[in-house]
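Each chain carries a letter (A, B, C, D, E, F, G and H) given by its place in the written order, and its residues are counted from 1.
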Amino acid sequence: MNEDIESLLEKVRQGTVSIEEASLRLRKAPFVDLGYAKVDTQRSLRQGVPEVIYGAGKTAEQILGITKVLSADSDRPVLITRLDAEKAKSLQEQLPLTYYPDGRIGLVGEFPKPDGIGTILVLSAGTSDRPVAEEAVLTARALGNEVKAFHDVGVAGLHRLLAHLDDMMEATVIIAIAGMEGALASVVGGLVSCPVIAVPTSIGYGAAFGGMTALCSMLNSCASGVSVVNIDNGFGAAYQASLINHVKGDVRK
Amino acid sequence: MNEDIESLLEKVRQGTVSIEEASLRLRKAPFVDLGYAKVDTQRSLRQGVPEVIYGAGKTAEQILGITKVLSADSDRPVLITRLDAEKAKSLQEQLPLTYYPDGRIGLVGEFPKPDGIGTILVLSAGTSDRPVAEEAVLTARALGNEVKAFHDVGVAGLHRLLAHLDDMMEATVIIAIAGMEGALASVVGGLVSCPVIAVPTSIGYGAAFGGMTALCSMLNSCASGVSVVNIDNGFGAAYQASLINHVKGDVRK
Amino acid sequence: MNEDIESLLEKVRQGTVSIEEASLRLRKAPFVDLGYAKVDTQRSLRQGVPEVIYGAGKTAEQILGITKVLSADSDRPVLITRLDAEKAKSLQEQLPLTYYPDGRIGLVGEFPKPDGIGTILVLSAGTSDRPVAEEAVLTARALGNEVKAFHDVGVAGLHRLLAHLDDMMEATVIIAIAGMEGALASVVGGLVSCPVIAVPTSIGYGAAFGGMTALCSMLNSCASGVSVVNIDNGFGAAYQASLINHVKGDVRK
Amino acid sequence: MNEDIESLLEKVRQGTVSIEEASLRLRKAPFVDLGYAKVDTQRSLRQGVPEVIYGAGKTAEQILGITKVLSADSDRPVLITRLDAEKAKSLQEQLPLTYYPDGRIGLVGEFPKPDGIGTILVLSAGTSDRPVAEEAVLTARALGNEVKAFHDVGVAGLHRLLAHLDDMMEATVIIAIAGMEGALASVVGGLVSCPVIAVPTSIGYGAAFGGMTALCSMLNSCASGVSVVNIDNGFGAAYQASLINHVKGDVRK
Amino acid sequence: MNEDIESLLEKVRQGTVSIEEASLRLRKAPFVDLGYAKVDTQRSLRQGVPEVIYGAGKTAEQILGITKVLSADSDRPVLITRLDAEKAKSLQEQLPLTYYPDGRIGLVGEFPKPDGIGTILVLSAGTSDRPVAEEAVLTARALGNEVKAFHDVGVAGLHRLLAHLDDMMEATVIIAIAGMEGALASVVGGLVSCPVIAVPTSIGYGAAFGGMTALCSMLNSCASGVSVVNIDNGFGAAYQASLINHVKGDVRK
Amino acid sequence: MNEDIESLLEKVRQGTVSIEEASLRLRKAPFVDLGYAKVDTQRSLRQGVPEVIYGAGKTAEQILGITKVLSADSDRPVLITRLDAEKAKSLQEQLPLTYYPDGRIGLVGEFPKPDGIGTILVLSAGTSDRPVAEEAVLTARALGNEVKAFHDVGVAGLHRLLAHLDDMMEATVIIAIAGMEGALASVVGGLVSCPVIAVPTSIGYGAAFGGMTALCSMLNSCASGVSVVNIDNGFGAAYQASLINHVKGDVRK
Amino acid sequence: MNEDIESLLEKVRQGTVSIEEASLRLRKAPFVDLGYAKVDTQRSLRQGVPEVIYGAGKTAEQILGITKVLSADSDRPVLITRLDAEKAKSLQEQLPLTYYPDGRIGLVGEFPKPDGIGTILVLSAGTSDRPVAEEAVLTARALGNEVKAFHDVGVAGLHRLLAHLDDMMEATVIIAIAGMEGALASVVGGLVSCPVIAVPTSIGYGAAFGGMTALCSMLNSCASGVSVVNIDNGFGAAYQASLINHVKGDVRK
Amino acid sequence: MNEDIESLLEKVRQGTVSIEEASLRLRKAPFVDLGYAKVDTQRSLRQGVPEVIYGAGKTAEQILGITKVLSADSDRPVLITRLDAEKAKSLQEQLPLTYYPDGRIGLVGEFPKPDGIGTILVLSAGTSDRPVAEEAVLTARALGNEVKAFHDVGVAGLHRLLAHLDDMMEATVIIAIAGMEGALASVVGGLVSCPVIAVPTSIGYGAAFGGMTALCSMLNSCASGVSVVNIDNGFGAAYQASLINHVKGDVRK
């Protein structure tokens, strides 16, 4: 951004850009205003990834509008998360959208080729945690990562988890997904030496408090190297894992 | 109690006990009223164990008074929990009390010979959980149990826990003590086939919420066979474990 | 497990098992991977009881698949908890499943003969706590226990509870189920000398907080010998009670 | 108050009170403004009882000032609650104050003769609940009530409570005081047909949450006829009980 | 109860009642066991009021069964609370039940003649608090009380409340019902000298927390003489108010 | 109000108003009692704005009744908030009501001409916060304010917010609306020197706790000059903003 | 800020400021970096008020350093909040600081002449709320406001509050301060037509939850025109009130 | 670990290690048991970093013992966190320990040479967040990272933060530390394209809830690429950041 400012100022000095125009550009950052949303058309430049649309609070019409702006601007895929089947169907009438019901994910375009440092490993504790795991897997793939996933590896059956010890040892980042008491994050965190992103899920009842117990449990992990995202936020974990898997010495160089 | 009622009624019919007296006895259960406390002198009969004095909310004088009544009535040991060093010192001037500072336990009398079915195994996750573990160990011993204990076996270093797998397999009851995320209960519960009593501790900070996270975590254990007592309640866990270790087909026979 | 390791190692030394194979066996514990679930076919060996299927987060198809694997492997019954009527009906088309709607329990196979030490007594406070009580009763029976149950014996009508004092005195373990203020656990705990497993229920409104008040109340029971399971977890209480009712001196001998 | 308005207006019509004066009187209700406090000198008229001084948030100087105004105005006793020993000592140098350390109560003047309908019965569950019970007992006496009290009658030892069944049956109002799980309120409420005022106390640890568990427990009492005051509010319970013990058909007649 | 015991014992001494029988009677208190409920047929004797049926957790069939037992035993009315319209309609086919939809109350029999000391005044803060107010009004009437009620008198329009100052001054007990911030209880409590029973309601949104804010607010009322019942518990407030309005010096005389 | 009292008293002195009548008027403040509601017909005089009807807890019939009373009394518009589409449709059959579905607002009458000091600026963080923003915009307009609004200006895309810096600098009051972490309030509060009214919304999931996180976040804003209203309370923010935008040196002069 | 950008760009075009320099100035906003703090020397320009130092988390040395920078830069007073007596004393050795212990406020310089639109009225409910009220009063004065204050006007003694109705009617902004149930905000909000800033205090015990009950209560005020600041935040309320009392049509003109 | 198992099995086959011995080694992982702690002497091998000692719950003696074992085994530095000044002083008598009081960190040995991919940038919002920031900085350095840090860059003074935009753009990982409303994480997360580890601090009062508000706020960050650690856990953030800064494609290769 700094360089942009300097090049703009250079143009002002040369007189090729007027002061008013420069002032405007400085304040009006590059986005398309649809009224209901300001679509960030240069985000892939600034953050290295395409705009992701959080589908939960938006109508099919709004999602369609945003997707069109984004598609016009770039040939990278557009990822729509928390997309229910009904909206997906309605969107498919106007967009070449592939819908993944297990992870409630829609994708316009193709999954890119993996270009990360290594592999992201997704581990989920129980069968019911699957949707969150799918959201993480699909997001990570859409962001250009090699992904492996194992399900139903909760700590109550430790041997099921340990059966995947090799994959755990080889992973670049691990996403550990669990509801109920969320102990998976601590056990995994204690076994490996790569970063672990823990995702609490809302699975459980009673004193599970909709994922709050798993969340607090993971924040208190007795293993080092574990950080946590919001309840059921498979997308957020994958996004963070992807950033880690693409990490660079000096991002701007 | 039923038999007592019937035998009392038999005496009424025989005229050896008056109606007024019988009515009185039925309502006035056997305790000594010290004003500040009603000491239950027949509890060891009714519940099979000596009265335990919860020392936290009582003055040294009150504890002394209660202990004297209990000692007069029985030759079983008197256990005083949550006893701070100062009160212990003051009590020792008047009572043959042995004080265990690590578990904040005072004992008047000797530890009885173990007479339980098997062994109670106490596992604690971290060095800081030690006081709760000591409370559990001493309580269990005072209640007539064979006890084994291993400390610092939290799940972040799984190999430390698995090193004691044999003892875990052989235990009759296990007390699993952990603060922070309390994952120890789930991992232990998944490995063994005996009852596990989980004790959350107040160890941790931030989102540990003084033990609430460990408590809820343990209540949501994905392993079956785990029940839970209050935060830091090493005594309660040991008491329950001792009942289990002395369990009988028909308690009254 | 230790013995298995030793016998495996013995075979390695004798050369009947290759090193690679042994390594594989050590890490690949015995379960069947269905993709959506890893079914533990040797759990009845390791833990002495059949696999129990938690039906709440699974589709009828998934339950069917898991049940088939388990049935193939053993002739012990398969217990499916939190099974709604619709899924039960769908399963009955393919399985000899008996459905108990009050406790939302499905059973494939017969209830085994009771082989426990004594009797498990289930007490529930109000009419609305019945479903949780049924879950406990059926689970305990499926795990091979003699079970008695009394309903609507909450402490507001103390005489209703005391009418069952004999049964309470004779029980080996008591499961005390109550919503609202959960006082039943404390009163029962004060009367008996066997272990009491308390189950808070979500019955109540306002400051009952969906069972949280009963849960905390039970954790703070002024009676010793009470431990607690999660809200509405009739299954967990029965499982723990059954372990207690089958307790042994040295489980491995 | 209505009558006062009418009589004031009558005087306006007669010209004996000017409009400005009447307006002033209507708005300026009768209290003495000490700057740090507005002392209500006619409250005993309006509410039938003397001003009670809540001592917790006030300096000895402020308490002294308020007491002097109140004493000047009436010969009824002045009750100071939540008064610590140090302030009490300081006040005693200037006032004929009797200090009751157990209930942290100071009294200037004599306890009045009981003039209520019947007896207020104070029941407390444990030895540690004593201070709250004393606050209730002394407050009730200061407000002109016959009071009886029994301590250490918690539900874990039901026979201790039932020993006082006669007194419970004869009471006009019962104040039930308990910490931990607060079950006393429900058991008492189920046994009697008089109003029960429940006082949760902050006694307990862990999931007792400083009295919150007892509070919610009492609010969810399965017995009818129980209402609740704030945690540790022995004064408030006694005040309410005294109003009940002095209840009239038409207060203004 | 004491007298019953003595008279029973007298019969034992005379030989007209056998010991076994007496023992049975002592333990088997007078209720009819319907399996799903133990109906307390002598409660009106013991507590002076008819059994009230809490309709929320019961099927129409269960309510019908309980009502029949109660009606057979007494000619006092039977009150069914939290009764939805559908169940009411189904009950009306078999019972002479009058249904009050505003308060979700069903009544079998007639409202009794008021026989209390004075009048119960019900005040509710907003239009949306009406159902809780109706539950209180109808309950109080069913329990034999003179009742007055004013609605929409919340403290934001103080003049609306003060318009009823005369009625407030003359009441024997006041029930103050409010959601949101529940300030009505404090303002009313400061104006009157009779007991105030406060009922928080679940009306409000956001930080109202389903009535928890109003509940805590009322428990912290800066006015003395206020006690509180559970959220939306109009029945409980009326029950307590009725006990107060029928209070006696010595209940047993 | 003071002046009214004096003028009323003057009339009493002159004999043009009787004492009884004056007493009545003093206590019976000016409202029309519809039974289910007391409609405040002079509120626009006392508070300078028309009565606003909170539609959420009221039936269409009740809203209709209240609107009629208010319309009869004044020619200022009547604002109905939290009005769902169905009730709006039903009301439109009997009233000239304009319905704004985005903000769930109904308006009877015209928006008044803005007569405030300056402009109210409404900023909302995300597309999903729009309904709350609309409620604020429409309320502010109905109360006579010039309003500007920008949506989707959350802090994750700082440039979108800074694009409106000029409008922020020129505003008289700013309403900052955000769910999730509610950071918008702090960033805006740090940039401007006018009062900021923050509105947390219930948008978000997991640890957003239905708006509680945004609420607490805004209350802890590290920027000065921010005050907060209840979750989703766009109306309340606009009402407060309008009061500020119409603020006067001495309201009564 | 916009104008600054334009004038800076103008200088770039004229060549009097180099591009590098301009870029630097744009990013390096005007503050002095002390290492432990970045002191904002131009904040009084940007926000119209002097820097206020929050004293709670800072050492006396740090406060001294910041004050010196601020004093060097401006002749407006420096306000230090949450300043304990000890630090104040230490600061007074090096600075001409006036310390107000009741409000824990230090002031370097003189209170400015009031230049606001009208008067800020501070109302506090109880004697214990005084420190928060003092913080508000002193802050408001330091920010150039005419301030009035009345203490001990809680709603339990409504006449004490109504005695100040005239002042309430004439105020430009009201700050309503209350702990416990916080009802003062609702009652005041219902009486006046100026903005009310509510300050919950941590006064109270038990279910007061350290001010949380008052906070939620105020957020749910049934009166419109009330907004809320953090618990005990007298400073924040006064800051907001001062902004309101100095509000302008277009801040930048 | 797999390779270890294979090589051990190889030795078994060759007969150089007995079966019993092999079984033992498999179960007894490499740690030194001090009784109060099991010190993990091979952790630096397994996890690539030295053992870190959490000092908070340990006595100086225990810390000394653990440090000695660790130092004997390796020449990498030993890091002791949450070490108070008193214990540090006591340790320095026996160990060459350097103590950093600001971050409560003790270091035995030298900071290693940075060997990470790039730079870790530590940003803290307020002066009071400094201790947590220091813990993060020192931990990151001890784990072999290049570290930069800027303090007092909270979002209320956006220009202070933006002054460091270049450093933010160039960082490999950013640690964002803030208390109160924790908005720093969202603003930073929206500006950069590297992973952000957010650390909530316990700084704040009232509705800050000891850091809970900042924690939840950060978990709900509207910016992607933010994960969170426990309150005040500067160590945990630095540990995770260091793992990211040393991330590898296949950790085991």
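Following the convention adopted for this analysis, contacts are C-beta pairs under 8 Å (C-beta built on N, C-alpha and C of every residue); 3 or more make two chains touch, one makes a residue touch a chain.
On a predicted model such as this, the values are computed, not experimentally measured, just so you know.
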item	value
Same vs different contact residues, chain D with chain F, by half of numbers used	same
Pair with more cross-chain C-beta pairs in contact, given B-E and F-H	F-H
Per Cα centroids, the chain farthest from chain B	F
Centroid-based (C-alpha) most distant chain relative to chain A	D
Rotation in the CA alignment of chain C with chain H, degrees, nearest 5	180
Separation of chain E from chain G, taking each centre as the mean of its C-alpha atoms, in whole Å	49
Chain centre separation in whole Å, for chain F relative to chain E (CA means)	38
Interchain centroid distance [CA atoms averaged], chain F/chain G, Å	25
Interface hub residues of chain B, defined as touching at least two other chains	2, 27, 126, 157, 165-166, 206-208, 212, 215, 219-220, 224, 230
Chains touching one another, given as label pairs in label order	A-B, A-C, A-F, A-G, A-H, B-C, B-D, B-E, B-H, C-D, C-E, C-H, D-E, D-F, D-G, E-F, E-G, F-G, F-H, G-H
Of chain C, residues touching chain H in the complex	2, 5-6, 9-10, 12-13, 15, 19-20, 22-23, 26-27
Sites on chain B touched by chain D in the complex	27-31, 35-38, 40, 43, 56-58, 62, 200, 202, 210-212, 215, 230-233
Chain D - residues contacting chain B, complex	126-128, 130, 151-153, 157, 159-160, 162-163, 165, 203, 205-208
Complex contact set, residues of chain A against chain H	1-2, 46-49, 52, 117-119, 165-166, 169-173, 192-195, 197, 215, 219-220, 224-230, 235-237, 239-240, 243-245, 247-253
Touching residues (chain side chain D, partner chain C) in the complex	125-126, 154-158, 180-183, 185-187, 189-191, 204, 206-209, 212-224
